[in-house]
Amino acid sequence: MMHGTENQDEQGDRSLHTPKGSASRAPGSEADAPLLRLVGIDKSFPGVHALKNVSLDVYAGEVHVILGQNGAGKSTLIKTLYGAYAADRGYIEIEGRRVAVARPADASALGIAVIFQEFSLIPYLDIAQNIFLGREAAFSRFGLVDSAAMHAAARTILDGLGLDYDTHAYAADLGVAQQQMVEIAKALSQNARVLVMDEPTAAISERESDRLFQTIARLTEKRVAIVYISHRMKEVQMLGDRITILRDGAVVTSVLRDQKSQAEMVGAMIGRPSGSQLARTPRSPGEPVLLARDVNTAKLSDISIEILAGEVVGLAGLVGSGRTEVVRALFGADPIASGEIALFGSRALATLDRRVRAGMALLPEDRKREGLALPLDVRDNATVASLWRSFTSGWFSPAKAERDTRGLIAQLGIAAHGTRQSVHTLSGGNQQKVVLAKWLAAGSRLFLLDEPTRGVDVGAKAEIYRLIDQLVDGGAGVVVISSELPELVQLCDRAYVMRDHRIVGHLAGDQLTERAILELAVHQ
Amino acid sequence: MTIPATLDIRPSSLSPDAAALLGRFVLIVLIAGALTAVDPGFASVSNLLNMLRQASLLFLVASGLTLVIIGGGLDLSVGANLTLSACLAAAAIKTTGNPWYGVAVAIGAGTLIGYANGLMINRLQLPPFLATFGMLWVAQGIAYWFMAGQTIYGMPMSFRYFGTGFFLGVPLPIWITLVVCLACSILLHRTTFGREAYFMGANQTAALLSGVPVERRRLLLYVLSGLTAGIASLVYLARLNAAEPGIGEPLLLPAIAAVLVGGTSLFGGNGNIGGTALGAILLTIIVNGLNLLNVAATWHPFVNGAVVLVAIIADLVISRRRSGSG
Amino acid sequence: MRTTRSIRCVLAAVICGTLFNSAVRADGEVIAAFTKNQVDPHFEGVRAGVAQMAEKMRATVKYYTPTKPNNITEGMSQLEDVGVTKPNLMLFMPIDAKAQLPTIKRLIESGLPIINYNDRGGDAPYLSFVGQDDYKLGYDIAKTLFDHLGGKGNVVILEGVKGSTTGDERKRGFDAAAKDYPNIKVLASQPANFQRLLGMQTMENLIQQFSTIDGVIAAADASALGAIEALNAAGRKNVAVVSINGVPEAVEAVKAGSLLAIAEFDGFKIGCVATAVGLNAIRGQSAPKQITIPGAIITKANYAPWLVPYKDRTCPTPDAYIAK
Amino acid sequence: MSVTIQLQRRSGMGQFLSAIPGAGLLLILMLVLFTIVNPRFVSQTNLMNVGLQTSLLLMLALPMTLIIMTEGLDLSAGALLGLSGVIVAEALLAGWGVLAACAATLAVSIAFGALNGVLIAYLSLPAFVVTLGTMGLMQGIALVLTNGDPVGGFTPAIETFYRSQLWFIPTPIAIAAALYAALWLLLYRTRLGNYVIAIGGNKDALRLAGIRANLVHLAVYVLGSTIIGLSAVLLIGRTNSAHPTVGIGMEFEAIAAVVLGGTSFEKGQGWLFGAVLGALAITVLRNGLNILSIDSSLQVVCIGILLILALLIDQARKQFVRRTA
C-alpha cells in the first residue's frame, strides 16, 4: 500500500465534510451560456417511448446530477448523448453550437467522455493500455508505443485518483471495483470537457468513492462539466450543483441544490407524494414453500428468507446490492458455501434441474441471455422447462406441444402470429411472457421473478401484474425483485431489503412503503 | 396490446428449416439433371445407388457429429474413433469368427470414446474443440499401436453383407443410413432429449436455468456421436473388407463439411439430420459429376472448399434477408 | 494445486515407465531401420525381415516410421533425430529421395554407414542398395495382364505415390509394356498412393466413367484390393486385376481368384538382405554396391510360399542374390 | 473487503513462474528426463535439430497465435504453406527470379488472407468454417498446379539459403527468432497489437474507442497469411522440392502448439512466447521419443496426452490463481 491509512481517512473525511470548493464553483450563474445543451431529445424503441422531449442544460464547472428510477430513461439519454443511439428528434448543442453526434468517435472529438455501467475494458490488456486504448498515438515513436511513457501517464492519472494499482495488471485480474476505477481513469485521461458518470459508485468502496469525489472537485475547478447519475441521495446532496429528475422518460424538474429536500426529490422520482399507497388486498398465506437459513455464498452473507405459499415477497435494494445473487443461490445456479435451504418443506435438492422439477422457477433479469433461446421459436421456448412433465415417456409430440403452446399464448395474451415465430422477433413484453409461459407450463409453485417488468411496456406490465396475482391466488409463492419501488410496494405483501450483499431489513404491512425501502437501501 | 416487432406477412410460407432443405434438394436435382444431360448413364439406377452408397458412408460419420454440433459442441475425434473402432472390431471378428462380437466391440469402443469426450468436457471443463482434438491423437495412436503395422483383412461373408449386401435391390449401407437418419430425426424432433439438445445449442445458459440437465444431455450427445462413429466403422470395415489404422483420419474434414453444407451452423441450436444427409449427397454428387465430366481428381479439394464457402455464404445471405425483412 | 501435482506425478510415472521399457539394451550393433508408414503391410514385411536377420546376427533394431503415413517433414525430422543417436548402421528408404538426400549425405559424411533399401535414395555414397527393379516389376506385371487379356482391351492404372521412386519407376514399366501392345488401350492412369481406401474410391469413380474396363494395374496390393472391392460392389466381376508387392492378404486374393497376379516386391526378403549386407559391411566384409532381388510373378499356380506368415519364413542370405 | 488488493504483477519472478503454462512445465520435465536417459539429447547437433524443426513449426504457430487471440482459427494455414511452396517452385522453374517468385507467393497469400479476413471480420462467419472452405480451395489449386506431383529441380539457392548460417545460427532459426521479435514488437509495443488483443477481448469496446475493428481483424488474417506464405520458402528449402500436400495437418500441429502454450480460444487471452514453448514441447517430445526409439504409434498417443495434460494443468493453475486472488 502506498499511502498511510490514517492519512487517507483524514482526506476522505475532509472531502465528505467540505465537499464544496471555492466560489469559483458557484455554478450556473445564469449569465454563462451552458456548455452542453440537450434540446427536445425524443427517442422511441419498439413498444417503449424511452425519452420524451428531454432538454437539459449543463454548465461548465458544475456537477449536474440526473436522478430517476430504473427505467426512467437515464441510460438511453446517455447513450444518445454519446452517439450510441440516434435521437428521433431533438439536437445537441455545445457552447451554443449545434453539433452532430452520430458515432461515439464524434462525441470523443467534442470532448464528451462517458463512464458506462457496463465495462468496456479489454480483459487481456493492462491498465495503462486500457486507459489509452485508441489514443496510443500520443505515445508513439517511430510506430512503436513508448510503453514507459504510457505507463507513466497512466500512473499520473491513477495517482490523481489515489489508486496504487499496478499499471501493468491485466483488466481481467481486476475486481469489479477496480475495473470501475480504471473506467473512471480512462474517462479522465481524455481531458474531456463533459464527463458523464453512470452510477460510478455503485460497485466501489467508500474510500474509493471519496477519492472519486475529490477528483470530481478538482475537475470542476478546471471548469469540466460533470453529468452524474446516482441513486444515492447522500451523494446527490453532497455533489450535485444542479439536479434533474427524470421519470418515465420525461424531465420532471430541474433544480439547484438546496432548492428541494431529500424527501421532495424522492417524491419527484416516485411521481406522487412520498408515502402514498395503492390499495393492496391483504392475502392469507399458507405453508412455507421456501426457507433459507444463514446462506452464505461467494457474494452473499447470512441470507435468511422465508417464503409462504400464496404470498408475494419483494426483494428490494439498489442495483448491485446482491438481489440477483440471492435468487440465483436459492435456485441452485450458484454454489452455496454454507447455510440451509428447505424447499416445500424438505431439504432442497442438490441440482438446479431437480429444483425445477420440484416446482421452482426463475425469471432471470437478463431474459435474452439467460431466459430464452432467441433463435428458437415460441413453442420451443415455452415448452423447454416442461418437457419432462408434459412428455413423461420422453417421446415428444409436436401436436401436443403445439396445443399446449397455443393454450399458453391465449392464456398470457402473447402477441405472436403463431407458435413457430422465433422469439427474437417478439417485443420485450411478449418475450417476458414467453419466459413466464415456460414456467406456467412446468407447473411451478415457487416463482423467483428478477425484474419481471424491465423493458416492458405499460400494457404488458399490467398483464404481468395480473398474472402474478393469479399465481398467488393459485397458491404459489412469488419472489419479486424490482428496482421500481411503486411496483414492489404495490405487488408485495412484504419485502426484504438488501444492502451490501446482506439483508438489512424486512418490511411488511403498513411498514412497506417506498420511503422505508429507500431509507434502508441507500447508503447512510 | 403491443404489436409484435415483426409481422410475417406470409403465414403459409415454409419454415426456414424446410426451405433450407428444399433448397438443397432442388440443387441436387438440378445438378443431377445437368449431369444426366451430359451423360445419360448418370441417371442409371446402378449409378445412383452407387453414389448413394458412397454418400452413406460419409453421412454415417457425419450423423453423430450433427447431433453434437446442434447441441452446441464439436467432435473432432469421429475420424480417429472410426479408425480405432474398426481395428478393434476387425480383431474381434478375426479371433472369434463371430461377426456379432465385432459389432459389439465396434459399438462399445465407439461409445466409450464418445463417453470419454463427454466426461472431459463436463468434468474437466475443457473446450470441446480441444478435448476432442486431444482424443483424436489418443485414439489414432492406440489404433496404430494396436495394429502394429498390420492390416486385418478377410472378414466373413456374413459380416461383409453390412457393406456390400443388397436388400430389396438396395445396398445395405443405404438401408443403414436410412435407419440412422430416421433414428436421429426421431431423436431430434420426437423426443424431449432432441428438443433439449436444440435449446442447449441455442443458449446453454438459458437451458441450464430452465432446468435442462445440461451435463447429462451433453454426455449423451457425445456418446451418440461415438455410437454413430462405431456404426460407421462397421460399414467401412464390411465395405473395405480390411481394417487399417489409416482409414478414418481423412474422413473428419469431409464429415464436418457435410454437416455445414447441410445447413447446420457451427454455433449450434439449428440444423437437422436431413440437411446433413443432403449435404453428404451434394458433396458426393459433385465429385461424381466431376468424374463424369472428366475433371481431374486434383480439382476435388478445390470444388469441395468452394461448395462449403458457397453454402455458408448463401445461408448467411438468406438469413440476413429474412431478418432484414423482419 | 493438488490436482496439478497428481497430474505431474502420473505424467512422470508414465514417461519413466515408457523409457524404462525401451531403455537401450546394449547387445551387439544397433540398427536404425526406416519405413514409410505404419499402414501398409509391405513395410511390416520389411520390418519382419530386418528383425529376423538382426536377431540371427545378434544386433538390435530400432524402427522409425512417421506418425502420419508418408509424411515428408516428419520423415526428415526422424532422419535428423536418429543421426544424433549414432546407431551403428542405418537402413534407409526415402519418402522423397530428392528431399531427404542432403540430410542423408550429411549423415554419411559424419561417418554413419547407411544401406539404402526398398526405394532408391538418390545419388549418395550408400554402402549398398538393396531393392528390386521397380521398372521391371511394372513391365512384367503389365505384360502378364496384357497377355491374359489376349493383347487387347481397356485397362486402367492405379499409380503409386507420385514422386516416390517405386511409384514412378513402376509407372514407367506399365507405360513401356502398354507401348508394346498396340491393341491395349489405357483408359486412365490415376494416383491411388498405394492405399486401399483411395484405390477403392478411385476405382469407383473410374467405373462410373468407363462402361467397359477389362483390366486394372495397381502399383501396390493395397490399391488393388480396394479396387477389387469397388469392382465387386459394382458387379463388375470379369475385370482382371494385377498388382505389385505380394502381402499375404493379396496372395490370398490370388488364391481365391479375385486377383490375377502379383509381381513380387518382397519386403521380407529386402529387409533380410539389407540387414545382412549392412551388418557384414560394418563387420569388415566388403559390400556389393547393389543387390537387386528378382521378383517372381505370383499366380494361382505358385502362390503357396507367399502365404506363409512372415515370422515363419526363413531369411534368404545375400549370397543367393550376389552370385548373379 | 480490503481496499487495496495485491494485484497480480506481470513482471517479476514469482509471476513469471505462475505464468508458465502447462507446456512449460512439461517441457522442463521432458528435457530433464530425456537428458537423463540419453545424454546425446543435449548434444549440439540435436539441439540444432530441435531448433530447426521448431523454427518451421513456429512460422505457422506464431501467426496462428495472433489469429487465435482474436477468437479465430486458421485451418487453411497448412494448405497455404503447401500452395505457397508450389508457387515459388513453379515460378522458379518458369525462370522467374527468387524475388519475383516470392512476390508471386506474397500476392497469393495476401489474397487468401484477405478472403479469410473479409468473410470472418466483415461477415462475421465462423472462422472454423471459412478456413475449412479456403483450405479446400488452396489445396485444390496446389494440386491442380502440380498435378499432384512434387516439384523439384529449381535453383539450389533455396536449399543453400535454408542450410546457411548467420554467424553460428542456422538461418531458419534466425528467421524464426526475428519473426518472434517482430511479432512481439507488434503485439506488445504497437497500437495494432493492443487492437489485436482487443478484438478477442471485446470487439465492441474497440469500436467504441473509435477504432476500425473490422479492418484490424482483417489485417490479422492478412498478416498471418503473408508470414505463412513466405515461410514456404524455408520449407521448400528444407525438402529441396515443393510438395502440394506437405502442409496438410500442419495447421493442427500449429494449433496444438499455440494451445499448449496457454493461449485460449476466448477473450484474447494469449501469450506469444507460449507458442514458442508449445512448439518446443511438441518438437522435443517427437525428437526425444525418436532418440529413445519409442514406437511411432506411442508418439501419437503421447501428443494427445501431452495436449490434454497441458490443458488440465492450465485449468488447475487458473483455479489456483482465482482462489488466491
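Per-chain numbering from 1; labels A, B, C and D assigned in written order.
In this text, a contact is a pair of C-beta atoms (placed from the backbone, for glycine too) under 8 Å apart; a residue touches a chain by one contact, two chains touch by 3 or more.
Everything quoted here is computed from the prediction, not taken from an experiment.
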Quick note, more Cb pairs in contact for A-D or B-D? It is B-D
Subunit A and subunit B: spacing of chain centres that average the CA atoms, whole Å: 45
Please tell me the distance, in whole Å, between the geometric centres of subunit B and subunit D computed from their C-alpha atoms. 30
Cα centre of subunit A to Cα centre of subunit C, whole Å, reads 72
Can you tell me which residues of subunit D touch two or more of the remaining chains? 147-148, 295-300, 303, 305, 312
Send over the residues of subunit B in touch with two or more other chains. 141, 144, 148, 245, 297
Each pair of chains that touches, named by its two labels: A-B, A-D, B-C, B-D, C-D
Which residues of subunit B touch subunit A in the complex? 1-8, 11, 15, 189-196, 198-199, 202-203, 205-213, 269-270, 326
Would you tell me which residues of subunit C are touching subunit D in their complex? 1, 3-4, 7-8, 11-12, 14-16, 18-19, 22-24, 32, 38, 62-68, 71-74, 76-78, 80-86, 96, 98-99, 101-102, 162-163, 191
Residues of subunit D touching subunit C in the complex: 25-26, 29-30, 33, 37-38, 40-41, 43, 45-46, 49, 52-53, 56, 147-150, 152, 159, 163, 235, 238-241, 243, 246, 249-250, 283, 286-287, 290-300, 303, 305, 309, 312-313, 316-317, 320
Would you mind writing out the residues of subunit B in touch with subunit C in their complex? 41-42, 46-47, 50, 53-54, 141, 144, 147-151, 153-154, 164, 171, 239-242, 244-247, 250, 287-288, 291-292, 294, 297
Give the list of subunit A residues in touch with subunit B in this complex. 46-47, 331, 333, 351-353, 355-357, 362, 364, 369-376, 380-381, 383-385, 387-388, 391, 394-398, 413, 415-418, 420-421, 425-427, 429-430, 438, 442, 457, 459-460
